[in-house]
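A, B, C, D, E and F label the chains in the order they appear, each numbered from 1.
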Amino acid sequence: MCLGIPGRITEVERCDGLRTGTVDFGGVRKQVCLAYTPDAGPGDYVIVHVGFAISVVDPDEAARTLAVLRAMDGVLEQELGP
Amino acid sequence: MTIVDPAAGSCPVLLPESERVLLGHGSGGRLSAELISEVLLPGLGPAAPGGPLEDAALVTVGGCELLLSTDAYVVDPLFFPGGDIGALAVHGTVNDLAMRAGLPVALTVAYVVEEGLPLTDLRRVAASVGAAAAAAGVPVVTGDTKVVGRGAADRLFVITAGLGRRLPGAAPTAAGARPGDVVLLSGPIGCHGVTVLSTREGLGFESDVASDSKPLHRLVADMIAAGGTGVHALRDPTRGGLAAAVNEIAAASGVGVELVEAALPVPEPVRAACEMLGIDPAYVANEGCLVAFVAPERADAVLTAMRARPEGAAAVRIGAVTDGGPVLVRTMVGARRVLDLPLGEQLPRIC
Amino acid sequence: MRYLDEYRDPVLARALLSELGRVVTRPWTLMEVCGGQTHTIVRQGIDELLPDGVRMIHGPGCPVCVTPLEVLDRAMAIAQRPGTILTSFGDMLRVPGSRTDLLALRARGADVRVVYSPMDAVALARRTPDRQVVFLAVGFETTAPANAMAVLHAAALGLTNFTVLVSHVLVPPAMTAVLRAPDCRVQAFLAAGHVCAVMGWTEYEPIAAEHRVPIVVTGFEPLDLLEGILMAVRQLEQGRHEVENQYARAVRRDGNQAARQAISRVFRVTDRAWRGIGTIPGSGLTLTDEFAAFDARRRFDVGHLLVREHPDCVAGDILTGARTPLDCAAYGTACTPRTPLGAPMVSAEGTCAAYYTAGRRAVPPTGVS
Amino acid sequence: MTIVDPAAGSCPVLLPESERVLLGHGSGGRLSAELISEVLLPGLGPAAPGGPLEDAALVTVGGCELLLSTDAYVVDPLFFPGGDIGALAVHGTVNDLAMRAGLPVALTVAYVVEEGLPLTDLRRVAASVGAAAAAAGVPVVTGDTKVVGRGAADRLFVITAGLGRRLPGAAPTAAGARPGDVVLLSGPIGCHGVTVLSTREGLGFESDVASDSKPLHRLVADMIAAGGTGVHALRDPTRGGLAAAVNEIAAASGVGVELVEAALPVPEPVRAACEMLGIDPAYVANEGCLVAFVAPERADAVLTAMRARPEGAAAVRIGAVTDGGPVLVRTMVGARRVLDLPLGEQLPRIC
Amino acid sequence: MRYLDEYRDPVLARALLSELGRVVTRPWTLMEVCGGQTHTIVRQGIDELLPDGVRMIHGPGCPVCVTPLEVLDRAMAIAQRPGTILTSFGDMLRVPGSRTDLLALRARGADVRVVYSPMDAVALARRTPDRQVVFLAVGFETTAPANAMAVLHAAALGLTNFTVLVSHVLVPPAMTAVLRAPDCRVQAFLAAGHVCAVMGWTEYEPIAAEHRVPIVVTGFEPLDLLEGILMAVRQLEQGRHEVENQYARAVRRDGNQAARQAISRVFRVTDRAWRGIGTIPGSGLTLTDEFAAFDARRRFDVGHLLVREHPDCVAGDILTGARTPLDCAAYGTACTPRTPLGAPMVSAEGTCAAYYTAGRRAVPPTGVS
Amino acid sequence: MCLGIPGRITEVERCDGLRTGTVDFGGVRKQVCLAYTPDAGPGDYVIVHVGFAISVVDPDEAARTLAVLRAMDGVLEQELGP
């Protein structure tokens, strides 16, 4: 359920009393409602679902997960040899 | 007010009210195929073309091998980054001729115009038809114009037909793919469809992508010069996208195909738009690339020839023909899944 | 694309699969609740690559699939009223009701439009003051904040021609229902990352504890799913039953406060029928009295609707994981995406359709060769 | 509310709001001619066809003399007494080829379908295309189908293109009429247009008339067998009627024409409908007759050949070509008046 | 067709022309009042065949041509209102107002429709209760009974979405205005047969007497016109000035009582502006107070309209017979049916358009050769 | 002004309280309002303008006019000789 994809906020504005902004998804830009991510600003990545940012991506957590996975791969490589 | 009678048929598709043309019948997918095979061809009866559905028909007149093709263009918007309905109508028909090794000799163009279209728009489209035809080196020899009342058309439809002369030395056909053939793709996919989708009401997004609309007959001429009769099948993956084109060739040839998902050239903004809408780039329309099924021993030469031309500069090998079975895709994680014909229109998903 | 491509790395995927192979000592059955996750699993063929004995069954998490027939018939009855524009997400348009679907209704002249966001429906209502714009508001907790904002915004704009036909569903009661089914085989859950991005995971803690099942909040990319599976299997192997968070880059323990507030202002919890399953207590959202003016059910009296599902369809078992589509006699024969007998065959993220589209029928593809 | 500013331009046609396509631009009359000469052909630029506007274009490929033509059919209603849009689309293109002495070799057909069209209607039209093509002895070799959303088309448009092979022994062209030529008409006029008009909302009347839609290539073959190069010009008087066809030939040939009003075969119900609506039968569309400009010494032979075929059984001599000047009609009382191109659509008059 | 073909017999036409040649002894100038008669005369070239000295000038009897610019602009302002359908006779759609015409407005999106009969507009209003249907009701006395019946029928049906924009004109006041013009050259009139079929000819008797002009009620076919001309010339030659009836098969002295009653129930006489001529007292019809609810002028407030005719156009002189189109400097150059400067160039029965369409310009056709 | 053409009534009926009927014009049939020709019935010719019969054709008068014209032609023929 619930297609959500990460994009980078490039602009924040108010429109009809709502916090909205432009989010860039790898070259595709869309107006998105930012009312539920009141602290996110330009440069932040948000997860967008049906035109709403529902979550701010935490870059440290993202890096940590990947580091764990890469470490796992490193362990494997070591085990299997070069 | 409405009471749905539980005793009424529970299978919705057999109800008479479904016996109408749906938008999906024009999608280039399974519904389109059904419409052609179950309504249009049986209707034509003895006048209908035989054999597999080709991009262009071979007609022999007084010993000349000629190709004939037609397409109707109904794109909304009329003008878009990378092209417009006029250029598209020229490129599409030139390309359909080219997919059977036809060099364009003459085009016809018919306009169906909605009352109220600004004359500047019509002039601009006509100029684009003229410029695209001149660039492709083919004259527009005749035409027709009809005007229909307000609300009886969506501004402008352009319908072209093309007459081609078959290049000597090759005879690609939809039924020509053979096991072992290499599948080549001339360039990135999805650009045209995403460009057009980006303007749709309710989906509106901005992107850096432009339609890939362009003529491919010179590319095909070079491919045939390099590959000769080893160029077994060609198709331009327009409506229904790469998935439809490959499935159609596989079905007409009675072979299977295995593509490598990681090898498919999908530009970043196309991928982004597809992620956003929940659709698969392999189902998105193209107007300036082709997929070729080439004998393995000629594949490298053909690929080199493709890359030597601007319209084939990004050509890649995307898979191979197998003995039979469905069209499969090797997924990123190394599994395989069927890449089927799309059913009907691509609708954006929420999940 | 940042935060997507990294999680699709085939090398890391193989590393995760190897690690999973090392961890597993016996068969385990896991359920991914979410249709989006089902889609990734089937589209990428992830389940084909899992070590022998690790089996994924697909849960009821497709909002399109579980929307009751009665709601669809009601939406269609409303769409047929003159002067009405019915809007919804694209994937709702192909779902068959008792007699037809919204695409076929559109072909017959009803004004049915796809919107990307419920806010687009509000904008449409503003642009067409002489038409009644109805938004068919389906979805799980992820979509509820968006639909809530549409209502709040329409109220703020004073629109009198915008209503919502609400059929919102909630995940935790559905998980409990799955676990309580007599033939339940689920030993662990992957919880839906985006639902949790909104709601957090505290609701899952009592479920994990009561039913002694590991629950891993999981993302949607191949590496997310593989890591989520790995984390769940590790718990199972270790005899733990905790709520863990694989999708830490997007999900916090308490979810999104602003979004939860909007939900609770606009909606209240109610019993809800799930298509193919039946009514699950407390498993849905409906408009609070404050926003009753935006309720399409009240605005449009289309009478009492009696509906009946196709008798051959075992969607209920599919949606609770009791069976797979391959266990359904109609699958691939009477029931295909072209001729769906039940909701799971309709939307691309429905389990039956996901299986069918991936070719899991005549020629079942094998794993890595 | 609205104050019309008297200082604003007093010539309404030059105001920018007029710079839109009007229904009259599709009428086959003066507005149509202007649209072609001022918008479409200049737009096409160097790719545009040269010379006079012909019913079909001559294309020479590898020594073969070929003819190419296209027309879009947008008739409302789709089905009418005497035919339907499918048969019309075949006959119209076969006839345009025939007007340049082309025998049809192959047809293409493109459908633009409005979402919601009953499949039975589409099947019926496809069957009619097939039956008409089979009856004309020409295969439909390729096609295309597009579906547009509800309200984006008026149910169904059919667009055909035709490839023809030129009959040896004659080369009729729009520019071929010469002073002294006899003007022949193959049969009664106005039936098609009146049949279609009779179904119009607000004009609705019943009549015993049926469309004359039929293929004329066999008639032309016999005319050429009888008249050879003496058959100077042929035209099927479709949109714009006999008046437009004769004016177009006269203009392209640089000659005048004098017709005899009393000689024009106008069936009683056609005349009645025209009286009722205040329109001139010479401006009403036909789909199954032709007007021929024949050297005087061949005229009798050609007329005899025409009358020997069912589609020419009622052929008559209707006038003669003069040195120059406008197209004139000798009226019933013996005066002459100009028979001009129609301006735009024929609108019913109250007086 | 019975009662048409007999009156088109070329042999009898020649006989009438010969007789006329024998009767005429000196030049006479006649006016046919009616645009339909102008149309037949010009289309058949009858005036070209008349004996030297017998000259036809064309009167103001084209309802399309004399409809004031203000009415056209008002109709167009109404047509541009959302939810409105403007209907009229086909030939009204091409008449230029100050800035555009109804066909061009339709191309820009206005809902403008041709009807054959005003009753079709009533039927349309019945079929589309959510739209306002306005009928632009122009015409002479012939058309007034039809337009009256449309209002009576709409009233009987209780329609509240049907109105008429009335611009009816009356013939006798216009004939008087022609006769009173300082440079009037008209020595006899052919009165319009269909107007008289409704109204009879008693109104013409005081005109004939006061101005000492023969008036012959005449039909529309070539033989009718030739006989009407012959009868008028006979009177002139004999010094008589009576009202005679050539069109006896269709016209009775008192006209059509039922039709006249309907007219006087729905309409009352008023002053009326004629395009190109100016206001003529008592020369028009307007709705009576009883039917004010059907008056589009009252229903739709489109403000005060200021209008101005093209300064080069001498339509007033054309319509009163003071000049022929060939006397107009703009005729055939600046002013053509494609680019009309004035109303008489617009409709096929306008004098300037009738001349132009018959080719009376570069190559003036000669008589019988 | 006022295009009017003669047609023959083939049927008379009432429709929505109005006297209407079918009029045949040489093979073209149209519904016409007969409210203003209350005495005309099937077989009678009426002059129709914008869907209304405004006058009944008097066959005797029609014949008389034609007889006069034909007589005129006869006189001419006599004068000119055969």
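Following the convention adopted for this analysis, a residue touches a chain if its C-beta (ideal position, glycine included) is under 8 Å from a C-beta of that chain, and two chains touch if they have at least 3 such contacts.
Being a predicted model, the structure only gives us computed values, none of them experimental.
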item: Fewest touching-chain hops separating chain A from chain D; value: 2
item: Per Cα centroids, the chain farthest from chain C; value: F
item: Dominant interface by contact count, named by its two chains; value: B-D
item: Most distant chain from chain D by Cα centroid; value: A
item: Averaged-CA centre spacing for the pair chain E and chain A, given as whole angstrom; value: 75
item: Chain E and chain F: spacing of chain centres that average the CA atoms, whole Å; value: 21
item: Geometric centre distance via CA averages, chain B-chain A, whole Å; value: 35
item: Multi-partner residues of chain D (each touching 2 or more other chains); value: 20-24, 115-116, 204, 268, 271-272, 275, 278, 349-351
item: Contacts with two or more other chains, residues of chain C listed in rising order; value: 1, 4, 34-36, 61-63, 89, 106-108, 116, 120, 139, 143, 349
item: Numbers and ranges of chain F residues touching at least 2 other chains; value: 1-3, 5, 25-26, 49-50
item: Residue numbers on chain F that touch chain E, as the complex places them; value: 1-6, 8, 16-18, 25-26, 33, 35-38, 45, 47, 49-52, 54-55, 57-59, 61-62, 64-66, 69-70, 72-73, 76
item: Of all residues in chain D, those that touch chain B in their complex; value: 19-27, 32, 35-36, 39-49, 54, 56-57, 59, 61-64, 66, 68-74, 76, 105-120, 122-127, 129-131, 133-134, 138-149, 151-154, 157, 159, 161, 163, 165
item: Chain B residues within the chain A interface of the complex; value: 198, 204-209, 267-269, 271-273, 275-276, 278, 349-351
item: Complex contacts: residues of chain B adjacent to chain E; value: 115-116, 150
item: Residue ranges of chain E touching chain F (in the complex, touch as defined); value: 1-4, 6, 11-12, 15-16, 18-19, 34-36, 61-63, 89, 116-120, 139-140, 142-143, 145-146, 149, 153, 156-157, 192-195, 197-198, 220, 223, 227, 246, 248-251, 256, 258-259, 262, 349
